[in-house]
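Right after this note come the structures.
Next come two complexes, and both contain chain A; in the first it sits with chain B, in the second with chain C.
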Partner chain A sequence: MRKNLQVAARAVLAVAALAATGVAAQQKSAIEEIERYRAALGDGNPAELWEARGDALWKEKRGPKNASLEQCDLGLGPGVVRGAYTVLPKYFADTNKVEDLESRLVSCMVMLQGFTPEQAKKDPYGGPGKKVAMDALVAFVTSESRGLPMKVAGTHPKEVEAYELGRQIFFHRGGPYDFSCATCHGVNNQRIRLQDLPNLLNPRDAKKAYTAWPAYRVSQGEVRSFQWRLLDCFRQQRFPELEFVSPASVALTMFLAKNSNGGTFDAPSIKR
Partner chain B sequence: MADPMKIRAAMSGDKVEVKILMSHEMETGQRKDAKGAAIPAHFIQTVTATHNGKVVLSAEWGPAVSKNPFLAFKFGGGKPGEKVSVTWVDNKGDKRTDEATIS
Partner chain C sequence: MKTMKMIAIPAAVLALAGCATTPGPDELRTNAIAMMKASFKERGQAKLDRIDQDDMQRLCSEYVGEKVMPKEIAQSLEKAQQALIKYPADGKLLGDWKLGERIAQSGVGKQYSDDPKKPAGGNCYACHQLTKEEVSYGTIGPSLYNFAKVRGYGEQIQRYAYGKVYNSQAFSACSSMPRFGHAGILTEEQLRHVVALLMSPDSPVNK
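Then we have the complex of A and B:
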């Protein structure tokens, strides 16, 4: 009797071990399949259509001052676009603020083109049948940093302040789910359904995640900026709506961007 | 007017490989908006690619093709420096023609 039980127990253990390896194998192959799907789509990334539209918008004379954005200082001097995204967010003396790409574009639209801040911020994200300038400009500017290493300085006192604020936001728990960013993005091997969640406190994941945004979302048919990425994270956390180019959004971007330093920028990418 | 296509045409062995990105909503007609009204169908119906005035690809498309579609194909007989021209026409009669030089 006793021996029979032992045999049975061993058999149960063996089945359990088999099941565990089976699940792991299934997960792995699902992740590999998603990677394969991304690679297959990468060749014809529609983000290129946004890049081309953004390139034209960058040079187009617009706004009350009938000026282009070509003299916009994105952090490497007026008119320098190549590599500019790798140093953002950054402190700018002319606005006395730390700005990410989107907020800097808003500032340039105000300073160079004469838009009011409300006009410049009015349409931050595209949607069905609605093409906006911001998405296209973001796609164009970021595409000019493809292949370059991230090097956010973060040394100016205001940049240090923004980084620290961003770090605090990352760990701030709140909302009806009592979530923080770190709840999902501070642990290894977390998933939502089949989607791997990067552990943003692990330098390898932090680099891979930050350098893959903005991205063309196949499921939405739109290029999504990093501001949108954060907006949607806040929505998923059931936090109050993250205001476009708000100091909080820029601070959180500062925290995540600086943590990706050394990673090779590879966006606009394509995501499911 | 529709946004330009992105067309790349490059020699791949003795064939020309053409890759085209088109900017189009490709609305199926099956979806409804927030008020419950059907969104009218709006999709590309024909795609034609020509090389030296000769048609090298002709396709009939329907609403099952994705938004912002990507099309890749190869054809024989092209040489670097020659042009490939692509035209699409949608169900509302909108059309767009762009061309690329074979590299």
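Then we have the complex of A and C:
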């Protein structure tokens, strides 16, 4: 693993340099570079570093209550991490809300560790020189669902409502470009420039796309959560900034997660 | 009177059914929009009013999936959008195709991560093939290679091309293509350059 990661580090730099030029004509060679990089890694993925950090953070006593997250109920009961991501988003009686993984982690940090909601939500995404707890916790928890089938229930009235609202948001056209999610993800076998676009309304593509997030983004050198994926697609949609763990983000995640039921979860993955 | 009764009854039944179980379609739309309004924050040039919809955006968000837009609604939508097209006052529709090619290549514009002081691009290659030289093109829209060579170089086609790029909805309701002129993404001058890229006999589009 160690040697793999050294190879990885070098490949990451090479690919990042390529990606940074952003020239469309180089997209293809960047994709080839990533294929080479994947091969060099074998089974390794730099996301493992985030997973290990998240595992430690999960057990670490933190916050005003000096407590760990080990008793956090992620949907399968307090302390059960294995398989939990496959049932999220889910309705939780203790918060009376439908929550995805990220919002549930915020709730546990508040309820168990005594952080204020503002503190728990303060650093949702890592960046250059900034490693955040959220990315690591997300990588750790999701890695514990690897190889398991997605089975989001979506049967509680609040879950049904979230799914329907998520569907509305998926088709909501707006902004100066008139885009909705469906503009880029509603038709089979389309691409934007050379980038393949999954049709998230088609079960085959929906399963493949949803089960591949979170992902280690080679071009960014970061593990990116599903919340981040939505944030960045709304940016490309020319919408304002999606707030972290906002109701719309959770509803949209409910729509996409439930549509991926039956797919085998296989993340954190690795993406360009 | 008789027809009124026939319409009134199912509506009442629907409204009742809506109350008893899940919210009806209108309530769901209203709730989804309220939820979105509470879930975004403005950043740079991307203000919260980008969530608001005009008639076209509202109708085209409603008729999706199995719900096919009735022909009359599609036609009246196209007509309303046609009325919004502003052709250049001097009648000049063609600019410089070389500048048009640059605009077609550029994907920047209107994102909160873009500098609002810099001109936006048309990002045509994101969705269309245009020339043989550029192989990095998307397939959301049809290939425009040989656009004028196939359709002709005349004034009428020029006007169609200008109108189409200005307001795609005027010619096909609920198209995925942005309304570059109507939405103020491209200026009149930029539109002329792009139209020249499509229409000029010297343009690589028509080689």
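Just so it is clear, the second predicted complex is superposed on the first by the 230 of 272 C-alpha atoms of A that agree within 3 Å, B and C clash if a C-alpha of one lies under 4 Å from a C-alpha of the other, contacts with A are read in each partner's own complex, and residues count from 1 in each chain.
Quick note on the criterion: a contact is a pair of C-beta atoms (placed from the backbone, for glycine too) under 8 Å apart; a residue touches a chain by one contact, two chains touch by 3 or more.
Quantities reported herein were computed from a predicted structural model and do not represent experimental measurements.
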Overlay on chain A: chain C relative to chain B, clash or fit: fit
First (chain B), second (chain C), both or neither touched by A:Lys97: neither
First (chain B), second (chain C), both or neither touched by A:Lys258: neither
Which superposed partner A:Leu49 touches (first chain B, second chain C, both, neither): first
Comparing the two partners chain B and chain C, which touches a greater set of residues in chain A: C
Chain B versus chain C as contact partner of A:Arg229, first or second or both or neither: neither
Contacts of A:Gly221 with chain B and chain C, given as first, second, both or neither: first
Partner chain in contact with A:His172 - chain B first, chain C second, else both or neither: second
Shortest span in Å between Cα atoms of chain B and of chain C, once chain A is used as the common reference: 13
Chain A contact footprint on chain B (complex, rising order): 3-4, 6, 19, 21, 23, 25, 66-68, 70-72
Contacting residues of chain A [partner chain B, same complex]: 41, 43-46, 48-49, 52-53, 128-129, 218, 221
In the complex with chain A, residue positions of chain C that touch it: 22-23, 28-29, 31-33, 35-36, 38-43, 46-48, 50-53, 56-57, 60-61, 64-65, 105, 110-113, 125-127, 134-140, 169, 176, 178-179, 183-185
Interface residues, chain A side, partner chain C - complex: 24-25, 27-28, 160-161, 164-165, 168-169, 171-180, 182-184, 186-187, 189-195, 197, 201, 234-236, 238-243, 246-249, 251
